[in-house]
Amino acid sequence: MQLGMIGLGRMGANMVARLLDQGHHCVVYDRNADAINTAQQAGAIATSSIAELCAQLTPPRAVWIMVPAAAVDSVIDSLIPELSAGDCVIDGGNSYYKDAIRRAQQLTPLGIDWIDCGTSGGIWGRERGYCLMLGGNDTAIKRLDPIFATLAAPAIPIPPAVGSDTHDSATRGYLHCGANGAGHFVKMVHNGIEYGLMAAYAEGFNLLKHANVGCSNQRIDAETAPLNDPAAYSYEFDLARIAELWRHGSVVSSWLLDLAAIALHHDPDLHTFKPQVADSGEGRWTSIAAIETGTPAPVLTAALFERFQSRGEDQFANQLLAALRHQFGGH
Amino acid sequence: MQLGMIGLGRMGANMVARLLDQGHHCVVYDRNADAINTAQQAGAIATSSIAELCAQLTPPRAVWIMVPAAAVDSVIDSLIPELSAGDCVIDGGNSYYKDAIRRAQQLTPLGIDWIDCGTSGGIWGRERGYCLMLGGNDTAIKRLDPIFATLAAPAIPIPPAVGSDTHDSATRGYLHCGANGAGHFVKMVHNGIEYGLMAAYAEGFNLLKHANVGCSNQRIDAETAPLNDPAAYSYEFDLARIAELWRHGSVVSSWLLDLAAIALHHDPDLHTFKPQVADSGEGRWTSIAAIETGTPAPVLTAALFERFQSRGEDQFANQLLAALRHQFGGH
Amino acid sequence: MQLGMIGLGRMGANMVARLLDQGHHCVVYDRNADAINTAQQAGAIATSSIAELCAQLTPPRAVWIMVPAAAVDSVIDSLIPELSAGDCVIDGGNSYYKDAIRRAQQLTPLGIDWIDCGTSGGIWGRERGYCLMLGGNDTAIKRLDPIFATLAAPAIPIPPAVGSDTHDSATRGYLHCGANGAGHFVKMVHNGIEYGLMAAYAEGFNLLKHANVGCSNQRIDAETAPLNDPAAYSYEFDLARIAELWRHGSVVSSWLLDLAAIALHHDPDLHTFKPQVADSGEGRWTSIAAIETGTPAPVLTAALFERFQSRGEDQFANQLLAALRHQFGGH
Amino acid sequence: MQLGMIGLGRMGANMVARLLDQGHHCVVYDRNADAINTAQQAGAIATSSIAELCAQLTPPRAVWIMVPAAAVDSVIDSLIPELSAGDCVIDGGNSYYKDAIRRAQQLTPLGIDWIDCGTSGGIWGRERGYCLMLGGNDTAIKRLDPIFATLAAPAIPIPPAVGSDTHDSATRGYLHCGANGAGHFVKMVHNGIEYGLMAAYAEGFNLLKHANVGCSNQRIDAETAPLNDPAAYSYEFDLARIAELWRHGSVVSSWLLDLAAIALHHDPDLHTFKPQVADSGEGRWTSIAAIETGTPAPVLTAALFERFQSRGEDQFANQLLAALRHQFGGH
């Protein structure tokens, strides 16, 4: 079927390519002309404005927005005058679910359907199929089923877990999770979990890396915690081989571990990576939702704070700790 | 080849079954006669004491210990008089790696090899293959390669990650990680990571469960945090379907998520499970190792403390908090 | 000077008593007639409605609101028709600072000043003096200086810290912290810190309480972490005496420790307190502010989550952990 | 009475000065000749070796060790041949309590008493009086009461908390906490609490410092979490004045806050302090004791890990996180 796509970054461009491959028709727009050209060469219809994109689509239109969270509202403002009752707008990016609720409230009176679609899979989704978490009304989501089915279709089907309904679209990678906001809520929690999983591996491999601290000389002064048993910390582990090992039969095997193995095989000391880690919003929103609902989430939130710390946001706190130690101990 | 197995609990019994299936010879002992009978019916040679087990094995013997961590030393004490130089003892259980180092120091002067083997895979290892993390000397580990290869052999081979050496035994589920203690060190960290991963999923699904708190009436008093936006928390999510969904194409897909999907399909409210969670040592040792080496591990340690809290070990702390609130606020 | 007080709970009633003692005039209202009678007997002018309270005050009026956070907006709605330009409303309760900003924006166009006043001191403030954190415009705050000075006046003056300006009102317990919202922002962070401090003591005393675990028999099975060194955990500490001890010369002496000593002297096992701990909003808002600004706050947030856990909000998470352990380990 | 002091660093030198001021006799030794000279000028008897120090003391001797934890065992080895039955050795430093138990077991068969004395107060103890936590046998501790009483005597007595026994030495700053190890156990937990308290203030002030992030321009891209409400984060707080304010009547007033106020008055931006924070052992041991006893201590342990992070020990973990993000997202 026909889909308009606004935003041809890493994610949007790959999704268009997947849809075109399976015979769908895509009308595309991006602020970057090169991105438009690439999509056009792959078979998409290029447009030079949001208005033109809407004009090229046959009503009832379906327009997918795939832009940074902070840019969604301005895209919607451009869309509204170009759309009609019966059209549908899908936000496939990492938006805050409360914004999805607000945007649905903005569009519903105009007769425009709003679908919030949490999209997981990253740059691998092109090949592996995307995992889609959908919020909105049933009619709109059913109408666009061919699009969701194509975007989610797995390269290699994964058998449903024991007990699953094999007719459930969830077993094919997409699911209508609930009313508007539900898609981005589920995606938010998904990413919160992702932060926790990533941090668990990162802390574990970092500990394996520190397993040789007993080989260094230890300082003896009142400011340094003594290492009681240095001989017990004299291992030099091969982290890439351990990551590989755990992929085979262990309880911690996962897709993220697969990626860790690739990364460690390629660059065992990870010299090419700076130790600063970005966060793009969902981890924050997950912890905020946990706090607002009174749900304990110490692991997910610790993972989030580690990212802030990696970027030096703890600097003043540490200076105050040093100042206090100086005050009471003369350190 | 021939292997003696001491301990026929869930893990030991399954490992014997796997070895027998592949043509190895097993001599077995357990304190429980029923467990011995079952193994005998599957083709193992039954014995009624550790001494008899050793007598039945042809030197150089290989004896695998698969008992609770707290029982290993007494098994070793029973073994020592029955073994000779050139024999090998393998501890496949969840022992502390510092104990592995100590035990190797105890056995080496007697000419007995010691292998510490971290074993992951749980009750699924029988079918899926175990993941084995080995510490010890190269000669002993090489000699027992047929045993390790059989225990680890996957039902369905998993392709090595890009960049992996396809000849590496790690790609078949077992690895010589380093000198004595290394096997249990790597297993310890593995389980520390496992606690973190499990907690990340548990917190995430718990948050999805709390996504309906806006549907309840909110209390208005000075002791209760107000929920600013109850309408934003009115989702009733189907957790089993979401677990299933995430298995297909998402960044958080993993073997633990597969298990979560099975569990949630079978009992969506998990009524059959009490909210008390045991911990069997490795999570503790991981956090202790992190602390001793000065490695930050807030996520792994938060996951550990959640288990302590699930068992009510925070009770007095919470009573003191309540007492302090009463003191200053008259609450 | 003259002040209207709406809300005669523990805090409001004590503040009125303090003001009356020092010669101020108070006009009071509460939904509870008994509370009004008590204040009247102490010298306040009683009224039976917010309208009557406003009518009794001489313009430019000053009306202090001391009610639960969730009730402030309805009080403001009742106040607006009764007030005139030049009047001032003070919110002395534990409101969200973003609400303070919103309320200031609501009242400013009417010519009504809004002061957000974070109030610390609890039921001890009556005697000890309250600590007041003020947000609003300078003129309004200066006009009400006599009120703030009286509420904050210490029973026993605390010498300013070395380097402090002795003329600063901060040295007498009140401070104009910034524009509207600043008072409640500083109070929010204050309470966030309070949660962290309380949790630090609670965890420490709980650990002292657990210092005797080596005296119990330890279970030996694969589900229980072994205690390596039980003799090292055979202390029976007298927590009340230790709390008292630390009050004298130690680095951890504090007002909260004073309260802990009183509580432990009075009820050493704290039998009279249930292990469920309420949270009234500021701890949540502190962690949310930390997250929104990208500031790491793992300690403050862990303290918050401990309170959620004390109330059983981790139950489903723990059931899922138990279910996962059952899935992979047959536990 | 007479006391030998080994170790004249900041702490030992001040303690000698306090004892001499109150008429006690001190025989001193340190590896640093200048430190010995200074003590000699204040009235101490100088010696040039541990043997000479022991020779100068009248049996039954009392020898106080005030050296880094990692140096205590070598001092004890030097002492043993010089001491006799009936003598007493006190370790006043920050040693691990399990070492105290071991050392007591080493000295008891020789008839030498061992007292482990946790000492709090830092460089302020000289004036303010030290807080002493004592472990050992009752006879030895009673014999040295004059020493402990002098070291602990407050400059300004602090009234006992309501309910305290006014005859208890705890009300004068020293306490026999239990058998050997008890003194250092209580000191260990004390310092664990101290880390938690310090971190609570540090995180809170750091958040106040971040309250102006809304004034900076926000980046708009898929890698940056958007700040929804920048106007709500436009405060420029005066942290020194807020620290001062909280000292007067607030729930968070404490001795550490007094020190924070001094530090912030002196250097509001703390430019003179590097953001790396040392840890000297007790915080680690506290968390390890919590883990070994199954006691949840997320706040105290988070405070410890923040110190490790301040020293860059999270670097590899963060590189792995960055590598994983690159793998799945192409970031």
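As written, the chain order gives the labels A, B, C and D, with residue 1 at the start of each chain.
Keep in mind that, in the parts below, contacts are C-beta pairs under 8 Å (C-beta built on N, C-alpha and C of every residue); 3 or more make two chains touch, one makes a residue touch a chain.
These figures come from a predicted structure and were not determined experimentally.
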Task: With over half of the numbers shared counting as same, classify the subunit A/subunit C interface as same or different.
output: same
- prompt: Among the chains, which is located farthest from subunit D on the basis of C-alpha centroids?
  reply: A
- prompt: More C-beta pairs touching across which pair, A-D or C-D?
  reply: C-D
Message: Roughly how far is subunit A from subunit C, centre to centre by C-alpha average, rounded to an integer in Å?
response: 38
Between subunit D and subunit A, distance of the C-alpha-averaged centres to the nearest whole Å: 44
Query: Quick one: subunit C and subunit D, Cα centre-to-centre, how many Å?
result: 29
Message: If I count partner chains per residue in subunit B, which residues reach a count of at least 2?
response: 122, 199, 201, 203, 206, 210, 225, 228, 251, 256, 262, 284, 292, 294-298, 302, 305-306, 309, 313-314, 317, 328
Query: What topology does the chain contact graph adopt: line, ring, star, complete, or other?
result: complete
- prompt: Which of the residues in subunit A end up touching subunit C in this complex?
  reply: 251, 284, 287-288, 291-292, 294-298, 301-302, 304-306, 308-309, 311, 313-314, 317, 328
- prompt: In their shared complex, at which residues does subunit B touch subunit C?
  reply: 9-10, 68-71, 93-94, 96, 122-124, 198-199, 201-203, 205-206, 209-210, 218, 220-226, 228, 256, 259-260, 262-264, 267, 270, 273-281, 283-284, 298, 302, 306-307, 309-310, 313-331
- prompt: Contact residues on subunit A for subunit B in the complex?
  reply: 97-98, 101, 120-122, 125, 128-131, 133, 152, 154, 158, 160-164, 168, 170-175, 177-179, 181-182, 185-186, 189-197, 199-201, 203-204, 206-208, 210-211, 213, 225, 227-229, 231-233, 235-238, 240-258, 261-262, 265-266, 286, 289-290, 292-300, 302-303, 305-306
